[in-house]
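Listed below are the structures to be examined.
Next, two complexes with chain A in common: one pairs it with chain B, the other with chain C.
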Partner chain A sequence: MLVAGLYAAMSYGLALIYGVLKIINLANAGFLMLGAYVTWWLFTAFHVHPLLAPLAIVPLFFLFGSALERTLVRRVLGAEPIISLLLLFGVWLVLQNLAYVIWTGDTRSIDTPFIDATVSVAGMQLAVPRLYVFAMGVLVLVGLQLFLTRTYLGRAIRATAQDRDAARLVGVDVERVNGIAFGIGIALAGFGGSLLSLLFSFTPDFGRTLSLKSFCIVVLGGLDSIVGVAFGALSLSLAEAFGVRYMPASLQNLISFVVLVVVLIVLPKGIVGTLRALRRG
Partner chain B sequence: MDRRTASLAACGVALAAAIAVPFVASRAEYVLDVLFLVFLYGAMATAWNLLGGFAGQVSFGHAAFLGIGAYTTAILTQLGISLWIAVPAGALLAGAFSLVIGIPAFRLRGPYFSIATIGIGEATRLIALNWTSLTGGASGLTLATAPPLIVQYFAALALCVVSVALAAWIKVSRFGYALAAIRQDPDAAETLGVATTVAKTQALFLSACLLGVAGSIYALHYLFISPDSVFGFGTSIGLVIMPIIGGLGTVTGPLLGAVVYTFIREQLAATLANADLLAFGLLLIAIVVFEPRGILGIIDRVRSGKKPPPEIAAVGDG
Partner chain C sequence: MLELHELAVAYGDVRVLWDVSLRVERGEIVTLVGANGAGKTTLLRAISRTVPVLAGRIELEGERIDRAPSARVVERGVAHVPEGRRLWPDMNVEDNLRLGSYPRRARVDVEASLEHVFTLFPRVKERRRQVCGTLSGGEQQMVAIGRGLMSKPTILMLDEPSLGLAPIVVSEMFAAVQRINAEGTTVLLVEQNVRQALEIATRGYVIETGRVVGSGTPDELLASDQIKKAYLGL
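Showing the complex of A and B:
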């Protein structure tokens, strides 16, 4: 269940980008994977402790994301949704296969004493990295909420997400907000990937399953709500934890797909959206 | 000679050439092998295009239908059942499966449908991987005997011709206009009396049946299938990319895309692992940004004499 922190961390960016730009970032998987590889690469080549890697990854991915928005994504924002989906699908293919070419398809993992450490809490043996990742998931949630509600930029982002034209009318530089939001979204994906490398071994292809889980979480949470994402992450990890008791572990990934498809169909507004609608009566 | 007669004549010449190839080509084995792939991929891309291009419902999970066709044929022939029964059974099973997933999935629109299809594709792959008693799991299935290459060649050619003819017919039929209306604006289409869900489901069904047959031919050609080959995400990616390269929602575009796709794969697959997919990713980005109508769009621009943007001019110069 502690894996919820990871699930949340890797999905915030997806929700943020959808909220502001109204496009689905299919390349999320690619950036997750890249975040994990950069962490691994910094660790093996420069002996940078994996916990420090995000210090480099977050700004780097932010710049990369903003640049990507400026050069490519901006051109397709006005087009049909399917065009941006295909564009980001292309970006994902490029990232994934670039990783194959650079790092080959071998399975990588990071091995430090930290990774194997455990603590006992109330008689349960808990893995330290899992606790850490969970804490980070919560921390990012709090940080993002503070950023979005307390700073000018955060408010501008929320204003743009709510009503682009109205935001422009009151003097928000919507184009700049787009770039920044996309950059933050990519930075969050990179951060999620970096956390991920602490828990799992990975290949260039591994982002796909996890990305589907992200979609599942974001849809559960209602696509543009950061709190909803945390809630969706918790629900999915619970569903998986219980599901594993009743089916072989190799089918664990099926759970998220089934949840995804069922939720998309039954609750198209997500849990949070449905609750909101119910409250309004 | 008007345009219609001209294009019919061009099709006739191309078909006659395709039929003559096995009898006149030197190095017939290699030529047949490449052309076989072009026709098979062409049929697959055309099938995907019925839903993804005509109706604008981009599916990232179409490998599921190819896989079902391939596995049905492989399993039935292992039981000693004739191909005349096994191949149609594969097509029908793929079609039946498309109805099972289509009815819920079409409650979703556009990008949401696309994401759900990634989930459907992955789910079918995982099921094929884990249902070991039926599918042999990760170790796959091996077929005992295959028809000679020339029979496979004509089967792929026939499937390709049927798919393209079907696409050409749908394009100008009432059904085709309904699909085009759905692509442009589902709400307006519904208001105008198009039964959108029914039309989309019909397009998906046809698409799935054609892919089911393609899967059977695939299995008979390679004699070995595994969940990662026929159900794999790479297969679904190829199905999306070919029509986009050629021209989304056109009749001949997917075929052109299949030629380019096969060529790039042949050139790059041997050099560096995954270099082909890298190239397709770059190509996809370039097409979406510069000319979403694909090769046919570029041809159109050149013909109408519009000044192409510098990127495309550069390609033309080189």
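Showing the complex of A and C:
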């Protein structure tokens, strides 16, 4: 269940980008991978503790994301979905191949005493990195939620996601909001990747399966709701935790896709979307 | 304070407005009347810069705004309350209103503006914590007008505020518009409810298939055969 924090952290960005720009960030896996590599690289080359890496990754990825939106993504907004899917798939491939060139295809992992530390809570041995990642997942949730509900910029982001034209009419510069939302989405992916590097070893191909799980989570939670994402992450991790008790562990990944198909058929708006529709009557 | 000179607007190849010239003076309520599809909504959208202007000029207190970004127009004091209200359905009433004060000029006074809106529409105050999707049509319209007022506009543009409302609520709405105007806000009103709109207006323009075909005081317009036949069913 602790893995829920990880699932959530790597999915928030996807939901935010979809909510505001209405495009699916297929490059999400690439930025997860990049976040993991940058964390590893800072650690091996500069002895930066992996827990400090996000301090560099978050602002850098934010700037990179905004720049990417301004130069490339902006041109395909409003076009048919396939165009932005292809563009971001292309970005993913470029990132992946860059990683092969820079860091080769060897499997990397981060090894510090922190990674192997455990604590016992109520008689259970818990891995410290897992607890940490879970706490971070919750922290980012709370932080994002406060940002989106309490600040003018955050409210402008929500307003743009719910009705672009209405946002424009109260004076929101929606083009700027696009850039900021994409930047935050990429920064969250980088942060998620940095957290992942604490738990898994990785190659430039890293993030593929996890990103598919992210898609499952955002569909489950509703594509544009941060709380929904946290809820989706929790549901999926619980489903997996129970699932492995009754079936071979190798089938664990199957669970998310079964959940995905079932949700798409039964609750096509996701859990949060369905609740909202009910609340509106 | 607001002047349009030979304004032309097109959506792609479809021309919607031809050579529209009109003028709104400070303190007025100017109403635009005309059939569905005449281009009234497009006219307001051109002023709020949410559709591109093909040719002509829009001047606000002598400054051209026809190439300005929409955010700049709001900052300069033009609020556009769109047709269909366009509230953010998943935000509560108060959040919708507070975002109306997005322009920097308006942010410092957000609490005072909120009180002002609540005085104007006490029912909105009762519903402040409710999600907008759950409100009645009339309440939503009040929130939409309130959101427009939150930007502390000098000119408030209302697009069909009475659309889809019960007659009693419609009268309330027109009374509110009059009160807003009496408090010093200039109003540009688009309405299908021609008679009631002209009753509160200082002047009116008639728009047909994208052109201004008539203008005058409410009395002149109500007396003209053109208006009588087309809009009042007399």
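Everything that follows uses one rule, which is that the second predicted complex is superposed on the first by the 277 of 281 C-alpha atoms of A that agree within 3 Å, B and C clash if a C-alpha of one lies under 4 Å from a C-alpha of the other, contacts with A are read in each partner's own complex, and residues count from 1 in each chain.
The criterion applied here is as follows: contacts are C-beta pairs under 8 Å (C-beta built on N, C-alpha and C of every residue); 3 or more make two chains touch, one makes a residue touch a chain.
Not measured: the values here are computed from a predicted model.
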In the superposed arrangement, which partner chain does A:87 touch: chain B (first), chain C (second), both, or neither? first
Superposition-derived comparison: chain B or chain C, residues of chain A touched: B
Thinking of the overlay built on chain A, is A:215 touched by chain B (first), by chain C (second), by both, or by neither? first
Contact-wise, after the overlay, does A:155 reach chain B, chain C, both or neither (first, second, both, neither)? second
Regarding the shared-chain residue A:97, is it in contact with chain B (first), chain C (second), both, or neither? first
Partner chain(s) touched by A:261 [first = chain B, second = chain C, both, neither]: first
After superposition on the shared chain, which partner residues are touched by A:145: those of chain B (first), chain C (second), both, or neither? neither
Under the stated touch criterion, which partner chain does A:168 make contact with: chain B (first), chain C (second), both, or neither? second
Quick check on my understanding: which residues of chain A belong to both its chain B contact set and its chain C contact set? none
Inside the complex, what are the residues of chain C that reach chain A? 48, 50, 69-71, 74-75, 79-80, 82, 86-91, 95, 98-100, 102-103, 107, 131, 133-134, 147, 150-151
Looking at the complex, which residues from chain A come into contact with chain B? 24, 72, 75-76, 79-83, 85-87, 89-98, 100-101, 104-105, 204, 208-209, 212, 215-216, 219, 248, 250-251, 253-254, 256-258, 260-261, 264-265, 268
For the chain A and chain C complex, residues of the former touching the latter: 149, 152, 155-156, 158-159, 162-163, 165-166, 168-173, 276, 279-281
Which positions of chain B touch chain A when the two form their complex? 56, 58, 60, 104-105, 107-108, 110-112, 114-116, 118-120, 122-123, 126-127, 129-130, 233, 237, 240, 244, 272-275, 277-278, 280-285, 288-289, 292
